[in-house]
Amino acid sequence: MRIKELKTLKIIGVADTTFARFDMANSVIDELNSIGTGFRIERYTVPGIKDLPVACKMLFDDRNCDMVIALGMPGPKPIDKQCAHEASMGLIQVQLLLNKHVIEVFVHEDEAEAERELVALADRRSRDHALNAFDLLFRPKALEGRAGSGVRQGGSDAGQMSSTAIKKGD
Amino acid sequence: MRIKELKTLKIIGVADTTFARFDMANSVIDELNSIGTGFRIERYTVPGIKDLPVACKMLFDDRNCDMVIALGMPGPKPIDKQCAHEASMGLIQVQLLLNKHVIEVFVHEDEAEAERELVALADRRSRDHALNAFDLLFRPKALEGRAGSGVRQGGSDAGQMSSTAIKKGD
Amino acid sequence: MRIKELKTLKIIGVADTTFARFDMANSVIDELNSIGTGFRIERYTVPGIKDLPVACKMLFDDRNCDMVIALGMPGPKPIDKQCAHEASMGLIQVQLLLNKHVIEVFVHEDEAEAERELVALADRRSRDHALNAFDLLFRPKALEGRAGSGVRQGGSDAGQMSSTAIKKGD
Amino acid sequence: MRIKELKTLKIIGVADTTFARFDMANSVIDELNSIGTGFRIERYTVPGIKDLPVACKMLFDDRNCDMVIALGMPGPKPIDKQCAHEASMGLIQVQLLLNKHVIEVFVHEDEAEAERELVALADRRSRDHALNAFDLLFRPKALEGRAGSGVRQGGSDAGQMSSTAIKKGD
Amino acid sequence: MRIKELKTLKIIGVADTTFARFDMANSVIDELNSIGTGFRIERYTVPGIKDLPVACKMLFDDRNCDMVIALGMPGPKPIDKQCAHEASMGLIQVQLLLNKHVIEVFVHEDEAEAERELVALADRRSRDHALNAFDLLFRPKALEGRAGSGVRQGGSDAGQMSSTAIKKGD
């Protein structure tokens, strides 16, 4: 690899957990590689989602990441929901401290009943957010093109609501 | 455009999401342009509402915005409410870090039953908050004139409660 | 006004909203003026309670306030309670950043059933907290004299519980 | 008092409220004086528990406290619980900003039914935490001796659970 | 001990409480010593879980810890859950301020019905997290090997969900 490429390569961090029941990082990395080039991956695995905020901060500070994708699968109990909330608050703080995006990809275990569906959801959402991350980093105008269109990562898009009924001042 | 104008032009940031099911940014920008001049718009679209805090911070730090309008449409589920709460906490932190206003315009999908009503609400609230943003930036005394008058963005105002019944020390 | 007075005058900020349905700032300012002198008022009106934290910070940083009274009337819905919570968290952060008091005066719309009662409550609580603000700024020992006495702003005091039953080690 | 003593005296802050229905500060100060010497008290009374975080910060920054005991009696309503939560979050932030302990002593009005019991609880909890504060400041190893022993301030200790049933790897 | 060893020894902090009903620190320290060498322990016991955030910060700042394990046993009541939430938020902040991990090990009293089970759970979870802490500090790649495998500290692992059903783009 030549010097010039090294300098322009973006670094995408992937922070994930041993708690998750599906290897979402694998889906993210596979998808990123299928979308484009110009980046390399730094991965950091921690025990649970509450360890993700500092893991993301370390990925930025110690490994020079330009963006981090934070992956987690909170369990179905109230305490798991609370942990996810705490992790999310921490992830927002990390972003404000660094002025960099952390794309949070959380799949709640109770989002699907059958294991097969949950796996499909986790894989799909990971891949959809990999695209969001790539776009934010390399082609932010692509997101503007999808603004207000009801995009849903991991499932069917909710779609844009018709605005034919709207007149100014309605 | 002359140098002097460039220097005095205020910059209003508009941060929105691909998750939203209505293009609220369109309503905001249209309304701002109908209210007055003296500003230009910087827009930044991110995936979801939890990406808004850092998006707003970037609009201030990297694109020199004087104020940002943050647009989102949280879904109807408990997890969506939690995400909105986390986003709001982050938006307040951004404001305290920068000493600038972020006008949060969130429309919850369960605020109206029919799609037509929800669209009308999202459009109207976006426009009403565009006026708030303009006033805060260019004529803050206008807001003082509406103080305590029960203004509601997106619907009929609740109105001011009569104070005829009040005597000092009542 | 002489130079000396200008220098020693304290500045009390009053931050309020257009959302509130009663002009609490009017009650606060009227009461402050009836209690004493030695201060002047800086007022800043914003749309809603979530705009109050940065408004208070601006009153301290840009208008040199020594204390701010933050006035709001959250609505009766769960989302309104959440907004009040977010605003309160922000107001606490402002105080810690500046080492100055923000006296939060929130009146929840569901604290009274009849409009007349709600107006009386909002007026009374605003005036009671105006006294707290004045005391904190000019005569803090007055508050120590009321310590643990069950003071309630806006209604009848709950009163101090009898300690006759207490012996050390009981 | 000699110079040397002045220099080595620790300063314990006591922050309390006019909202509380029992003078917990009195219990704390009485208990501290009965435990030992080597400290003096700085007291600051504010209206309610949400005013405690900045009061504690002022006690550290302006009055050089080495530790603060924060006293409050949240009411029984959901809004009171929320205020207590906000205050607690602020108190934790103060500690992290200063690297000093704030011992929070909150007695919820609904922890006891009869006033007599509530008073006894408030007095007892205040005294028990006065001991914690003293120990943290003057003899931290004493707390290590009570680690994991189910200490409860204000009531009977829950006690240590028997570990006879535990073998490594059980 | 030779100079070289002193310099390379890592310092693991253990912060625990007198509130907990089981001496989790004992389990953690015993387990760490059984896993490997290259570290020494600094312990700090505080009254309750809300005192843990600043205790951890002090362990980093004053005793040069490289990582801290924070141990707590929240009670079964709603107020205990709230305290745990506040403590967790504080622990995340500490990590972001220091760029160091705090491994939170909380055992809720209502996680098991019989005391015997609760003791076993507390012991097991403490030991499992001791391994996490050791791995994060000395062999982080070990965690990557367990990524997405449904690890549960204190009980049977939930296990990895089969991904045979997943095809890219499914």
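Labels for the chains are A, B, C, D and E, by order of writing; each one numbers its residues from 1.
Here is the rule we go by: a residue touches a chain if its C-beta (ideal position, glycine included) is under 8 Å from a C-beta of that chain, and two chains touch if they have at least 3 such contacts.
What you are looking at is a predicted structure, and each value in this text was computed from that prediction instead of being measured.
*Asks:* Hey, what chains does subunit B share as contacts with subunit C?
*Replies:* Where subunit B and subunit C might share a partner, there is none at all.
*Asks:* Quick one: which chains contact subunit D and subunit E both?
*Replies:* In this structure, no chain contacts subunit E and also subunit D.
*Asks:* Go ahead and note the Å separation of the Cα centroids belonging to subunit A and subunit B.
*Replies:* For subunit A versus subunit B, the centre distance works out to 26 Å.
*Asks:* For subunit C and subunit E, let me know how many angstrom lie between their CA-based centres, rounded off.
*Replies:* Measuring from centre to centre gives 41 Å for this pair.
*Asks:* Going through subunit C residue by residue, note those that touch at least 2 other chains and give them in order.
*Replies:* Touching at least two other chains: 89, 93.
*Asks:* Ring order, please: subunit C first, subunit D next, then the rest.
*Replies:* Starting at subunit C and heading to subunit D first, the ring runs C, D, E, A, B.
*Asks:* What residues on subunit A touch subunit E, complex-wise?
*Replies:* Answer in residue numbers: 16-26, 30-31, 34, 43-47, 50-51, 53-54, 57-58, 61-62, 73, 75, 79, 82-83, 86-87, 89-90, 93-94, 97, 115-116, 118-120, 122-124, 127.
*Asks:* Which stretch or stretches of subunit B touch subunit C in the complex?
*Replies:* 81, 85, 88-89, 91-93, 95-96, 99-104, 108, 129, 132, 136, 140, 143-144, 146-153, 158-163, 165-166, 168-170
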